[in-house]
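Mind having a look at this structure? Questions to follow.
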Amino acid sequence: MPMIHIYLYEGRTDDQKRELARAFTDDVQKIVGSEPAATHVLFHDMSKSDWAHAGKLASDE
Amino acid sequence: MPMIHIYLYEGRTDDQKRELARAFTDDVQKIVGSEPAATHVLFHDMSKSDWAHAGKLASDE
Amino acid sequence: MPMIHIYLYEGRTDDQKRELARAFTDDVQKIVGSEPAATHVLFHDMSKSDWAHAGKLASDE
Amino acid sequence: MPMIHIYLYEGRTDDQKRELARAFTDDVQKIVGSEPAATHVLFHDMSKSDWAHAGKLASDE
Amino acid sequence: MPMIHIYLYEGRTDDQKRELARAFTDDVQKIVGSEPAATHVLFHDMSKSDWAHAGKLASDE
Amino acid sequence: MPMIHIYLYEGRTDDQKRELARAFTDDVQKIVGSEPAATHVLFHDMSKSDWAHAGKLASDE
């Protein structure tokens, strides 16, 4: 614990994911006290045609 | 709110996703009263070899 | 297929969920052609203190 | 019911997924008593650069 | 890896969850070769009024 | 975008969730460049009897 699933637009680089993973894991350690080994982060890349907001595909905006 | 994740077989067209997003968002507005801007829909395409029912992969049926 | 997970604020009534389930299932049948028996909808009630937007808990707004 | 989402590294073969689906469905039937037709298993392949543990991408280890 | 989310009707006992967790973890070890420490199982209890199939809440059937 | 689901043991306070939401949202802004209004965080409290690791419920450890 904890387990983090993050859904974001495709196109983020491995470097950005690397930084996000470290930042989230640090946050959890600082705020909740969990040791880093307890934190998992799963990145789910989403195409803009697979994400709708306000009834519209992001690819249409 | 709300957040909708829909898992469906790959192969649905952008047009079908566009219609689904609009329909779900309309439903939520009509039934729950949420303004459209509050609704997100995420589409997750699934291969038939990644979906099992009754212990069998859909790709085997 | 398809499988729908919907996350929404707690407090929606069973009647609203009943209507949403029917509406989503109808939408999928009309737009994608899936028979109703293929559609599952799972409702996940969320407390406002478990949902953050723009870095703020919804319960703080 | 039940619905199982399993996230695993990409590269598992269809044969492994086939066996996992059967095994999970059998487990549920034996332990909880659900008929096989009630069990769905969805496989989500994850790249090692989309999975972080202890603040590090699995692809960096 | 892997991470398993299982959604099932509320009312399963801790003993049933204990057995399911062990069985799934064993399956993964046998079929995919992952050491047990790599497997996480998260149980999500669902009320029958939060689960719809074929457009009907399970609590209405 | 992005959408973050975090599963953690129940018992975290609203203050801890408030801090986590702010920290994650800041991280995403700094690293990926998304404006805060684009980030949603959903907290899912888990009982220790609903979380298994290495084939054992956390409540048994």
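Order of writing sets the labels: A, B, C, D, E and F. Residues in every chain begin at 1.
Heads up, the rule we're going with is that contacts are C-beta pairs under 8 Å (C-beta built on N, C-alpha and C of every residue); 3 or more make two chains touch, one makes a residue touch a chain.
Keep in mind that what you see is a predicted model, and the values were worked out from it rather than measured.
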item: More contacts between chains, A-F or C-D; value: A-F
item: Separation of mean Cα positions, chain E and chain A [Å, integer]; value: 24
item: Separation of mean Cα positions, chain E and chain B [Å, integer]; value: 22
item: Residue list for chain A, restricted to those that touch at least two other chains; value: 3, 7, 24, 40, 42, 46, 51
item: Chain-level touch network, classified as line, ring, star, complete or other; value: other
item: Touch relationships between chains, expressed as pairs; value: A-B, A-D, A-E, A-F, B-C, B-D, B-F, C-D, C-E, C-F, D-E, E-F
item: Chain C-touching residues of chain D, taken from the complex the two chains share; value: 3, 40, 42
item: Residue numbers on chain B that touch chain A, as the complex places them; value: 14, 17-18, 21-22, 24-26, 36-37, 39-45
item: Contact set on chain F toward chain A in their complex; value: 1-9, 12, 16, 19-20, 23-24, 27-28, 30-32, 46, 51, 58
item: Touch list for chain D against partner chain A, complex; value: 7, 46, 49-57, 59-60
